[in-house]
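Next come two complexes, and both contain chain A; in the first it sits with chain B, in the second with chain C.
Then we have the complex of A and B:
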């Protein structure tokens, strides 16, 4: 049971990191190398909010708003000019991540910041004690996936986004404001990064290089996933499980290498993503 | 393909992106220099190489404050017969970046000595540049007593000095079953190699040992492994920001209750940031801010004046002593004779903030304090051990 909880926890953390990335890549074709930067904006916003007496959950909302606003500025000033130029967006978002790291260093210094979890202690899962906050993170990850799936599948907004994703010109021809959809999607992706940053803050070292060690597997997952939400979940399940199980039963030193190896093999077998279906 | 690349390269937006990225990278990669002295004393430029980015950047503020306080002190007291100025370079996070930083300091900027605040693998890379120019290097890292060179002195404790006293102390309290967990690089492995036989010789047993790569973000399955081995003590030897992540996750896990934590790499500033998550961590160090005495009070005031917002810790102390030690050696050896400065460094014996500080066999020789962290991240001293001679394993060529 303990092992199962560790696996589910790893998958939950990965999902929380990946979702924002996947939204931006899936709809906009932008590989957002500034994702960890927006996570850092989120967690520093949450730290600042809690220092000013806000509750943790209010600080999480503030983190989403802060990262979303930062995303809005970045989209308007930089990313908007680079859509459909994947190589340039990679370079530009990498530069933006450096700017964010340096800005946070100037503002807060190199030292670690504190963000205390709202729940301490254990909860029992079928007789197995497990950190209560980790269980909350798992539940939030599941809720985010469900909400996103419902949004995309059953709402007019989801339909519009899917239309822009599949054929921009056609969407424009039927009166959809593609530029507004793009900007909104980027802002939502950044806000989700901020949400992830704040949620994971109590379990991670909080410094200007925040979440860098989380994001390598996240990028693999998002590339492996293809364009569907189910692919994102499948990729997170595969990579998160391999990471934990290999570390448990073999040598954790090599688990990252094994994760990369499996991702490469899967990409070779299914180059369009895990949930791609042949036409 | 080449046509596509050319089209991309010819766009103004590409130039703008590249220029912005290079500008930022340049700003991040460059260090800074203190202004040259304007008095009558000659200037002695000290290169400072430390991690301003990457996992070790957590130590940067304390190190910089210690160095600044040290420079202010030696210049005010005219210790060296020269005015010390510093030239700071970012070591980055790997051997290549530190080689670039040290090459710049030594070959381009012409520093007279290097103060290195980097882990063992980076120290080896930097010292390869310094050794060929016969530049004295004063290092925080001792490796594990196995990084040795004629131009190098290490101010950090070696494993037998830092680890064995805490092993003896906790085994003496009946904590005999130990689990060793570390980052996957040389220093933790060498530390365990020294600690394990000593633990067994004192009646203890090793119930498990495992490693994780540097940069690990989720330690849940490692904690499960440790808990399942049922140790009395978990000896956690992970560095920098990874250490913060591990300690947060350990403290939040209810299964770890009752297992003593030892973490000899945890600085006090970091422990303060951990807050309640640091509660109960045992550490051993040459310096804790809670050591009582007027000289320590003066030191704490000095590093605070130098810009340290958090508690004075071992990193501020070592970096301060690097400058003080170098200044005394320059006074003895003369500022133009590197060989004499290196020789003088090896014979260092001086009063520091927490008592006598000496160099034996090119490594530090000083008392070790054992302390336990409270819920506020502050450490309470439990015992002071006498200085122990460093046990070294230097390669023959060094």
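Then we have the complex of A and C:
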């Protein structure tokens, strides 16, 4: 039971990290290597907010706003100019990530910061005690996936976004402001990064290199996922469970290696991702 | 028959200026070695080694277009091989003594290069596949560099673990000697790389980068070109890493890291991707500036470097050096932009007078029986039966969506999964279905519907590659003239390409691109020419010219299969017409027979069979 909860928790964390990345890749065809940078912006915003006496949940909202605003600036200055050059976006966003790391180092120094979880107790899940905060994170991950699925499938916003995704010229021709949709999508992706950053804050050491170790796994998960939400969930389930299960019976250091290996091989077998966009 | 040379003698002047500049820079650096203090000497020495790494990355990323995000790994392997061969560690990875027998150092560098090349070969073999995404190599190398840095600490006996290995430098070599040794190594690598990319084989690299799938249909083994270049890049980086190991005597996970790989990407993209010289200057300049500035402002420098990288990627996608030299050439009219200086050259088409192989006529060249093919659930070809006789011009007509282009695709690309049989009899023996480049080499050439070309290759260069048809062009020679057969010159003259030998494929107008496509298909001296709408977008007058060129090719013994919508054109040129409808050949015969067929009218007009 403990193991099952660990697996679900790892999947939940991965989903939260990957979702914003997947939104940006799916709609904009941009692989945002600065995603972890925006997570760091989020977590530092949250740290600053709690230091000023804000409650944790208010700080999480502040984190979303902070990284969303950072995303807005980055979109307007950099990403907007690169939509036609997908490879360059990888390089530019990696550059932005370096800039964010250095800027945070200048502002906050190298030292670790801490963010205290709002729930410290353990909850009873079918007889197994489990940290309550982790359960909340799992619930949030599930809620995010559900909300996004409903948004994409059933609302006018979702329809517009899908239109831009499948044929931007035609979308433009029928009067959709493609640049606005793109900017909004990027900002939403960054805000989700901020949310993820703040939510994971209590579980990790917080320093300017925050979450950089996650970049390869998240990057792999999102490429593996393909263009659909179901793919994102599938990729996170596979990689999250492999990570935990492998770490359980072998050296945990190798588990990230195995995760990456499996992702790379899966990608070779299914170059379109676990789910593919209909032609 | 020979076409006009656009700007005479420019090449030789360009080449001489390039060589002279390079020699001047080297001489200046050699002189500098005499006056630098010991600290600066060390700085420059490291910069030269990094410049070798940057050159190797430029070959891989700039010339075959494979973004290697983990290029530091190869450098690290070179350094680690030297370390592991010489440093002796205890159980925890602490260096306790050093085997400093000279043979160990001598063996370690080439061994590191071989290990790096072998590993890179595996990675490349795995990553470069015809259907894979161009990003796949980026993902694999990024993932690999993460894995390698994680695993580094797990094998302390070999790698020194978290602290790395240290103190294994060759002893007794003065700093100034290292300066000249590394400068010589850099000069050697840069010269070699320049010769390679300026050679005829360099065209092959750029063709693969610009448009891999088109290169495939001209007989190039795209995957092999990429794999070999990737291995070469890795070996050169390991060479630099090995020298670094000999000189500095230290290696740690940092040398393998994604961060160091990013530095390399910065050098190359800031300096100017695809110019060899740009990345060298980028590496030296940024390393020197970084070392100076990071003493005083460690964090600020990293911030500046990051910003610089972003700014260059966004605003100067060609890099600083090419942009600057383009500005300069606008100011000073005689100067040539660096990108042109490095890769471009004047080439001239000349007539080639050679015999054409005589082939027996009257036997079928292509035979299709029961060919079925579909895209997932959509069945496009439903049992195509078709024979193409040698030396005939067969037109395939049919409504949109009938499967015409798909039929050409399954003919030319043996990788597509069909049921049924396709057989080629090309004189050299029978062939079943083959990968596109192998079929192209055997004598089946394809022209695509939309003109697909190599943006940075000139007309003459494109035809040079087409003529090579899969054979490796010279690795060092750059030919000034490209001999092509009279039928190619026919196409060139007829489509208005004459005198445009040195125009780049990417800058040609649509009609000229169509002409070049056709000329390239003919230049590979195929026995069977598969043409998908060669006259689309051309004027009536141009169509007539193309038609007469095709008739002449057929008269000379070539077999042509042509997809065409314009029935007037079909009636003019075709020996035989086959009508494809809903994935089957519903009628075939002479143009007159087909024109009077009721079946065909029903297919086109949608009438119900009574």
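Going forward, the second predicted complex is superposed on the first by the 276 of 279 C-alpha atoms of A that agree within 3 Å, B and C clash if a C-alpha of one lies under 4 Å from a C-alpha of the other, contacts with A are read in each partner's own complex, and residues count from 1 in each chain.
FYI, contacts are C-beta pairs under 8 Å (C-beta built on N, C-alpha and C of every residue); 3 or more make two chains touch, one makes a residue touch a chain.
Since this is a predicted model, take the numbers as computed values, not measurements.
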Exercise for the section: Look at where chain B and chain C land on chain A after superposing the complexes, then choose clash or fit. Expected result: clash
Practice task
Would you sort A:165 into first (chain B), second (chain C), both or neither based on which partner it touches?
Solution key: neither
Practice task
Quick one: classify A:204 as touching chain B (first), chain C (second), both or neither.
Solution key: first
Practice task
Kindly classify A:10 by the partners it touches after superposition: chain B alone (first), chain C alone (second), both, or neither?
Solution key: first
Practice task
Check whether A:48 is in contact with chain B, with chain C, with both or with neither, and answer first, second, both or neither.
Solution key: neither
Exercise for the section: Figure out whether A:102 sits in contact with chain B (first) or chain C (second), or with both, or with neither. Expected result: both
Practice task
Could you tell me if A:241 is touching chain B, chain C, both of them or neither one (first, second, both, neither)?
Solution key: neither
Exercise for the section: For A:261, select first, second, both or neither according to whether it touches chain B, chain C, the two together, or no partner. Expected result: second
Problem - Partner chain(s) touched by A:219 [first = chain B, second = chain C, both, neither] - result: second
Problem - Residue contacts with chain A in the superposition, chain B compared against chain C - result: B
Handout entry: Which of chain B and chain C A:94 touches, first, second, both or neither
Key = both
Exercise for the section: Determine where on chain A the residues touched by chain B overlap those touched by chain C, and list them. Expected result: 81-82, 85, 87-88, 91-92, 94-95, 98-99, 102, 253, 256
Completion exercise
chain A partner, complex, touching residues on chain C are 67, 69, 126-127, 129, 131-136, 138-140, 142-144, 146-147, 150-151, 153-154, 258, 262, 265-266, 269, 299-300, 302-303, 305-307, 309-310, 313-315, 317, 375
Fill in the blank from the handout: Residue set of chain A touching chain B in the complex reads 2-3, 6, 9-10, 13, 81-82, 85, 87-88, 91-92, 94-95, 98-99, 101-102, 109-114, 116-117, 120-122, 129-131, 133-134, 202-209, 211-214, 243-244, 247-248, 252-253, 256
Problem - chain C-touching residues of chain A, taken from the complex the two chains share - result: 31, 77-78, 81-82, 85-88, 90-92, 94-96, 98-99, 102-103, 105-106, 216, 219-220, 223, 251, 253-254, 256-257, 260-261, 263-264, 267-268, 271, 279
Problem - In the complex with chain A, residue positions of chain B that touch it - result: 8, 11, 13-14, 17-18, 20-21, 24-25, 27-28, 52-55, 57-61, 184, 210-213, 215-218, 220-222, 224-225, 228, 240-245, 248-249, 252-255, 269-270, 273-276, 309-310
